[in-house]
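Reading through the structure tokens given below for one structure.
The first chain written gets the first letter, and so on, giving A, B and C; residue counts start at 1 in each chain.
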Amino acid sequence: MMKTVYLDNNATTAVAPEVLEAMLPYLKDHYGNPSSMYGMARRVSTALNQARTQTARILGASPEEIVFTSCGTESDNAAIWAAIRSNPLKRHIITSRVEHSAVKNLCEYLSHNGYQVTFVPVDGKGRLDLDYLYDHLSEDTAVVSLMWANNETGVMFPVEEIAREVKNKGVVFHTDAVQAVGKVPMDIGRTGIDMLSLSGHKLHAPKGVGALYVRKGTKFTPFLVGGHQEQNRRGGTENVASIVALGKAAELAGNLMAEENTRVKALRDRLETGILAAVPHADVNGDTDRRLPNTTNISFEFIEGESILLMMDEIGICASSGSACTSGSLEPSHVLRAMGVPYTAAHGSVRFSLSVYNTRQEIDYVIEKLPPIIERLRQMSPFWKSVQAG
Amino acid sequence: MMKTVYLDNNATTAVAPEVLEAMLPYLKDHYGNPSSMYGMARRVSTALNQARTQTARILGASPEEIVFTSCGTESDNAAIWAAIRSNPLKRHIITSRVEHSAVKNLCEYLSHNGYQVTFVPVDGKGRLDLDYLYDHLSEDTAVVSLMWANNETGVMFPVEEIAREVKNKGVVFHTDAVQAVGKVPMDIGRTGIDMLSLSGHKLHAPKGVGALYVRKGTKFTPFLVGGHQEQNRRGGTENVASIVALGKAAELAGNLMAEENTRVKALRDRLETGILAAVPHADVNGDTDRRLPNTTNISFEFIEGESILLMMDEIGICASSGSACTSGSLEPSHVLRAMGVPYTAAHGSVRFSLSVYNTRQEIDYVIEKLPPIIERLRQMSPFWKSVQAG
Amino acid sequence: MWEYSDKVKEHFLNPRNVGVIEDADGVGEVGSISCGDALKLTFKVDENERIVDVKFQTFGCASAIASSSALTEMLKGKTIEEAEKITNDDIANYLGGLPKEKMHCSVMGQEALEKAIACYRGKPLSEKEGEIVCECFGVTDVEIRRALTEHR
């Protein structure tokens, strides 16, 4: 069988073998409910505490500031609801036009349910219009929610700088750092960030576990209402095995952060340069100066993303077009549209996202195999012909 | 090492070995995001479909009626929010006084946020006051939410009968069936139940996965807002491995339902009879005529539950006092209080909840070891002395 | 993820009749790049109005490419009269079905064919009945309603 070259780590990642090993005991003998009174449960609650410490450490937070959740989407929803429910008199929300659907769709829902929402625009490279943001910050703003790094382009917003400004106005600041955690060094305690979302399956833990950082002293109202778990911040029996996994994954990510920003980054750059050199009418989307080390988003003009993906799949290369979460829709991605990427290019965009598991051989394989695919698809395209002719 | 006799299956259950085996591939090679375009993801989305079918089958539902969630608490929260958001003009909710905190605390929150909530009382045996319920059902009622089986006492409400009445009035009916699924045969399609919550870790799947049944045609608004997952009903990358586990666990539970209602029930009865025969001033809480086959809740008067649990823990017996979710608090359980169980008895209540993994030897061990523990604690109790004297 | 039949995959990976016939008898173009789908269909007929050659170019997803390829295969050897009867359902059936989200990709084939035949007959497509709802395809509300009833 053909080996798979997995370049879709912004969609989801493989569970690290060390992570699987760490969680397995909690799927076997140590199945107790951490809230229970007996010895068997004690070991489980100790494991939860350790995971909380590990997860806090990668952010530069304290363990009590970590609330475990079921995914990045829940963390995002919980943060925004907590902010607005804790500030019931304020009716204004600020976010950007390029957020993940977890923030975007919730903000759109709220905009039809009594809230005024400002969607801050970005420029052609995906950089946030800071003046626009600050101009719209007001007494009435309950929360500013901005992603740390974009899942489609990898472009990073200067959230630490923005958080300082927002904090000065006494407004709650939340960041969706689902793509940034583990790739960007963080010392959250020293920033003005009040809440931060992360998701396990983006850093080699399993799907279905996440966390929300809630700064000590930040007013909070639980999103999932139920039992006393997570210090009354999130009801529901704890997903013990996956929380242990997240803790371990956070520890590993901390250890591998340097490699991510050197070797993985170099592989990404090699891939990007290699493709651009071999394929005409191909362009990188987003600000290459301020970008995650593992991501490149390339538009192949005059052809369509899904076809590229399926042709790549035939030769064992996994990547994505638009964001995986929205690939059920036929629209070009809202991120690229917000950036004003022309339709000819937006439709043919492909995101390659690497991880520490990728090798140079894999990258060279893609650099060799991708250009003929693009060429073949272009031969079928009516638009390509006219470019060639023109 | 001492073998553990685990009699706390209403708190959480051991993951069945078959379930672990079914989920492991999705923690290893098959880590693709089910929304992705490549072959690797196809196997994952096929597995999700299979789990959906398996889960539907144990309820007598169709696969499209299943929405996977992160736990029972999320299912409960999602159901109630969906009902009230889909019926925005109605401002009344009916529930009972003995619901799990996932329903109870949310309803209390709503009662302070614009909703009128009727908490239907129960009698001394935990049976619902049906007249009270029907008297309060009105044009303004958005949802009736009642548990199928109580987690502390095992007492079952006649939800199928109630659902019919509620449906006749055009009101949405939700049931928290977290404790009932896998123990009570269900054919949900033939009932008037619109939504039903279940949780994986109560039926030998891991913690951190649940499902919400939503009857075809029931108006629904997502609780977790984000991507297109679960047919736009629940955002967030799917917890693939745990969903596969839940499917497998549902299948197993279907196969074991007969055993649950014969052998396990007989063990529970043996335990109950054995304890009551050996210990004076001990009483069963709740209606023994209409009760889960695996649960018994026994009050040992004049002593306190935590002490009993810890003494039992010393000899390897795991049980609980009150519900595990609320055992962080010192109050006697709201369920026993609603039933009017006197304080002298409520404080000393212990819940034993069995599973198919329990054996007759284990039960006999408990029958032998528990009475001396009770006796010893009573010797320390000032109340016991006065009873003896009296 | 989209579930494609083996036949869709096969036509996508090995599309038949890609290209443009320079001195075509019929030319039909539909869609636009802003829509994300476009198709150009060209054919040649013999003296008996039988289609002897047909080629396509498609900008679109896998099912658009497969639908176009399938259409050209279906068209070869048919008379114009027979060709006229081909519907998008026929195309989808020929491919062993399409995911319901992707049915519109086969509609594009039918539309391009209609245009190409109209072009061959030397008359522009008659003014359509109803209001144009989708600019890219020139789809009218009447057509949408018709499509809906046909698919019941």
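Points to keep in mind about this one:
Definition applied: a contact is a pair of C-beta atoms (placed from the backbone, for glycine too) under 8 Å apart; a residue touches a chain by one contact, two chains touch by 3 or more.
Protein names from UniProt, one per chain: A, B = Cysteine desulfurase.
On a predicted model such as this, the values are computed, not experimentally measured, just so you know.
The central chain of the assembly on a C-alpha centroid basis is A.
Each chain's centre was taken as the mean of its CA atoms, and the one lying most distant from chain C is B.
With each centre defined as the average position of its C-alpha atoms, the distance from chain A to chain B rounds to 34 Å. In terms of their C-alpha centroids, the spacing between chain A and chain C amounts to 39 Å.
Chain B and chain C have Cα centroids lying 55 Å from one another. Residues of chain B found to touch two or more other chains are 35-37. Chain C has residues 1-2 in contact with two or more other chains. On the side of chain A, the complex with chain C involves touching residues 302-304, 306-307, 310-311, 314, 327-328, 330-332, 343-344, 347, 379-383, 385.
Taken together, the chain B residues at the contact with chain A in this complex read 4, 6, 8, 11-15, 20, 23, 27-28, 31-33, 35-40, 69-74, 76-77, 100-102, 105-106, 109, 199, 201, 206-209, 224-229, 235-242, 306, 309-310, 312-313, 318, 320-321, 324-329.
Residues 1-2, 9, 12-13, 15, 18, 20, 29, 33-34, 36-40, 56-62, 64-65, 101 of chain C are the ones that touch chain A when the two sit in their complex.
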